[in-house]
Amino acid sequence: MSTGKQTPVKAGDIESLIEIFKQSDWDEMHVQVGDFELFLSNDPQATGPARASAAAPAALAPAAAPAAATPAAAKPAAAAPTGEAPVPDGMLVIRAPNLGTFYRAPKPGAPAYVEVGQVIEPDTEVCLIEVMKLFAPVRAGIAGTVREIRARDGQMVEFDQVLIIVEPAD
Amino acid sequence: MAISRVLSVNRGEIAARVVHAAQALGIEAVQAVSVADRDSMAARDADRTVVLGPAQSRLSYLDPKLLVHTALATGCDALHPGYGFLSERAALAELCAEHGITFIGPRAETIAALGDKLEAKAIARAAGVPLVPGTDRINDVAMAQAAAEELGYPVLIKASAGGGGRGMFIARSPEDIAAGFDKASNEAREAFGDDTMYMETYVENARHVEVQVFGDGKGHVVHFGERDCSIQRRYQKVFEESPCAAMPDALRSQLHTAATALVASLNYQNAGTVEFLYDVDRQAIYFIEVNARIQVEHPVSEQVTGFDLVQLQFRIAGGEPLLLTQAQIPVRGHAIECRLNAEDPYHDFRPSPGRITHWGPPRGAGVRLDSHCYDGYLVPPFYDSMIGKLIITAATREACVERLAEALDRCEIGGLTTNLPLLRYIARHPDFMHNHLNTRWLEKTGLPAFGAHQE
Amino acid sequence: MAISRVLSVNRGEIAARVVHAAQALGIEAVQAVSVADRDSMAARDADRTVVLGPAQSRLSYLDPKLLVHTALATGCDALHPGYGFLSERAALAELCAEHGITFIGPRAETIAALGDKLEAKAIARAAGVPLVPGTDRINDVAMAQAAAEELGYPVLIKASAGGGGRGMFIARSPEDIAAGFDKASNEAREAFGDDTMYMETYVENARHVEVQVFGDGKGHVVHFGERDCSIQRRYQKVFEESPCAAMPDALRSQLHTAATALVASLNYQNAGTVEFLYDVDRQAIYFIEVNARIQVEHPVSEQVTGFDLVQLQFRIAGGEPLLLTQAQIPVRGHAIECRLNAEDPYHDFRPSPGRITHWGPPRGAGVRLDSHCYDGYLVPPFYDSMIGKLIITAATREACVERLAEALDRCEIGGLTTNLPLLRYIARHPDFMHNHLNTRWLEKTGLPAFGAHQE
Amino acid sequence: MSTGKQTPVKAGDIESLIEIFKQSDWDEMHVQVGDFELFLSNDPQATGPARASAAAPAALAPAAAPAAATPAAAKPAAAAPTGEAPVPDGMLVIRAPNLGTFYRAPKPGAPAYVEVGQVIEPDTEVCLIEVMKLFAPVRAGIAGTVREIRARDGQMVEFDQVLIIVEPAD
């Protein structure tokens, strides 16, 4: 997952990269900045680079799954990511690696993976994201202290949505 | 049963088309996008937009579970797959059915059956639909000559075990068979260890024709005329038109009957297209396959029949009866679609993504543009290069071609390299104007001439 | 016979609608404008625009000879009159016919017959369509009481020579008649020198309902359901919906039969609307008149039937057969239209022309906007104040009203004073939500309450 | 008809007038500048001021009408007035009072009303505009010398289109 530390890639950057590629004689160009990945090719049959398995580990579901994950049919509202609250200065964020249902604990009734105030390491599992009963644990990727848990247990989160705010260890 | 909220899981122009068609019917549209399509027209116009995952298709548009999860999590009761991506993946239709989501398309088992080439041909044969004529095992020259006499020359003689052109030849006369048969069968034995040979009709002069059909899932089927999509490059259609002006009415009526008989035999549900090879020299049609989805070129059928086929998809999927009889779907006038792509026709069609600095499509009588682009839109580099479809309608093919050429002249797109020069060239080519085309025309004649033309 | 080029001779949203409908069918559209409408959407989108004359309607849109001259001089083979202006002037239809221009509407003689109130009623009576029940001459109180017994109370007793309310009274009982009859007949004698009295059913609680019909000019007629347009101010409709949810199905079916019988008796050609008074207390319908044109409120019928009625006008006028049977026009869901006007509802609805600095209509499922406005458009002061029609569709009336209220909340129009506050108020009024409405509701209840509401 | 001498009324002026009216307590406002006429009213039933008969005289057709006035169905092209050639500095123009067919002579074969070089007075008849066999003579409205006849005989002209260019008498 991407974190607040990474330089976000903007649409303007993508344009510049496309421009560079157009000016070149290259047949293919592959750029990866953190989570951002751009693959350009003059071969229409090209299928892109081999998938880097850098994103969330595709762990299987724990034996006892959390309760049914389908929220009630809610009235459509504006999508979350674009309108979300700003991240306080100096904080890092853990974002959703894909759309799915956010769970704080490995199973219903079990203690949450992390609580506010807890110190975490890059390898710490901080939550689950479920897609059709496939539960993928999300690792922090960064070290620090959990300051806020933005996503709500059992709710749908979108790709790139801020899940957890972390104060970096320094 | 009526649909109240649909998840649109495709992108580009078809996503915008699906969103608008749903909204016109009072159906709420939720658009699922990759992060690269957050600013797309479908995302802007939908009642809600959710971001599935990163730009790569396999982590967003190509993940059936992610799509069905999204449909459930956003309270959708239906899912429209568009074309391409997962639109003909039986697994997606199946997963939808399991979770009570109406898949806007045929039933999963229909998609699976038609997706299997051999099974599709067996279905066609059982429904009395003509396939490319051929023989069983051919033992020797004499038997081959007798068979060819029956099929009519030219014929294609092939090794059963064959591939890559080895053990295969075209015969236009008994002499060709005498000269080639033993050589080919020896070649086959050497290459594959098997010299079993068979024979097929060879279609020298073929058009690609297809019939737009709709079924109610209970055996009632109607068609919306045929399309001629003979101008292709690497099996990608570039121009599509309706009707197939080159086809005599008697054959057209056989074509329609064959298409509807085939899908009626499946109790076909929703929209589909039955594709045929039209053998111009023999004046015969041969089944190719059924596409179990709405197609890119559906607008030409809409233009000549007056029906909105995407809205009809929603209505049928929502449980409305198909009240139309064939007599109520007259074909009127002529329509031609061409595909606008962000690609460089002077440099082997390499994709040319980027930001559209000026979006100035033509307007006017009989000019329709189906597109997701707008001034300032960034065409992302991750997906196919189609940026729109220009659909021209007129009373006759002749008037339609003239209007098309004019409309293409007035089409202004800034910031990107597009295939407009090629489209303009084809629209004014005498072969196109006089409808002297077949499926090899673009690669054998059109493109080389276009290359010469630009010097 | 098919139309190849049409002259659009109206303005505002209907001109844009006509231009776009023509173009969708491959018909070239020439837009005739006054100089004030040179920058209108119809002028921008038409294949050609010609300036007729100055802004004043009588020197541009209201001059039949100028319009037909323009059609001939621009090579048009058809003319679409829109609504209002000359759309129901038989002289225009006649002049078109004389010069070989297809008038897109009924024949001149039909327009003339229906334009005469007495003749229209005679036609309705002959076709067995119910009129407001009434009597011939009433001589005295006893005769009046007997007649009222037969008609049912309340009744309206009027002087034959009457007008302006004199010599007229409402009676709800035999006692009312005894108390009022002689006074009224004396009043009539004094005022008009004639004391002939007669009696009619008095409709206390009326809805305005109307049936959208289409005919092929040869007796085949279909309808596209009914509309309820009971919310009116000074006989101007403000909200229109389809179907009339307040009407029981048995009466609805009578309504449809009456409307189609009437127009079938005329061999009616093209689009029309048969208007009725719906007497809610007596559960009866009475013929009012036929509007021999497309109406402002036609989109709600399009939304619930799925047909494009303006395109259908072109097809029928172009000589296509009307292949539809009534069974193929099911009504599905509910649609409500409201008219957006540039007028000040807080100051006696005075017009508020000017430049639109922000045009931000709502979008989304079931939200359709028919308008000629855009960012920067100048609403000219010379014509009516309608700037658009918001048309909302949903599965049920309840959902439709909710969606309407939300859409109105999201509607942003800057630079002009509009009637949006009133539309929003009505959309959330309990009487509107629960459909407790009649033709007097807006003036008697809605507007006074809206006035109170704003303090 | 309007002439080049008159100050043209622009859309901006109309806006300003509307604004003035809105700010006022007036019930009606009526502005006339040459040919331009603006009528604003708070009464939706108002039908506008009585028609001033200032525009082209509605003379009846001469006995012998020019030949049939219907041009062949030409391909639609851009409307003339917006794209018309500029008027040379210091020149006046005579414009079309309405759409119609332009005729230079009172009947076929007759001499033209005016020729280039001819001196005209405001009352001089300079052409005919025909609408459905109703022929209305157009008077110059200005004095000077005819320098150019822009409209072509027998062709459709639109409202406000420049017909004749006149060098003012001074």
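Every chain is named by a letter (A, B, C and D) in the order it is written, and numbering of its residues begins at 1.
As a working rule, a residue touches a chain if its C-beta (ideal position, glycine included) is under 8 Å from a C-beta of that chain, and two chains touch if they have at least 3 such contacts.
Here the structure is a predicted model, which means the values were calculated and not measured.
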Any chain that touches chain B and chain A: none
Gap in Å, rounded to a whole number, between the CA centres of chain C and chain A: 56
Rounded Å distance, chain C centre to chain D centre (Cα mean): 36
Distance from chain C to chain B - Cα centre to Cα centre, in angstrom: 44
Chain B residues counted as touching two or more neighbouring chains: 5, 28, 47
Arrangement of touching chains [line / ring / star / complete / other]: line
Contact pairs between chains, per stated definition: A-B, B-C, C-D
Residues of chain A touching chain B in the complex: 11, 14-15, 18-19, 22, 35, 37-42, 44, 48, 51, 55, 69-74, 76-79, 81-82, 97-101, 130-132, 134, 156, 158-161
Chain C residues within the chain B interface of the complex: 2, 4-5, 22-29, 45, 47, 303, 306, 308, 311, 315, 320, 323-324, 327-328, 330, 332-333, 335, 363-368, 392-395, 400, 403
Chain A partner contacts - residues on chain B that touch it in the complex: 5, 28, 30, 32, 34-35, 38-39, 47-56, 58-60, 63, 65-66, 68-70, 72-75, 95, 343, 347-355, 378, 380-382, 385
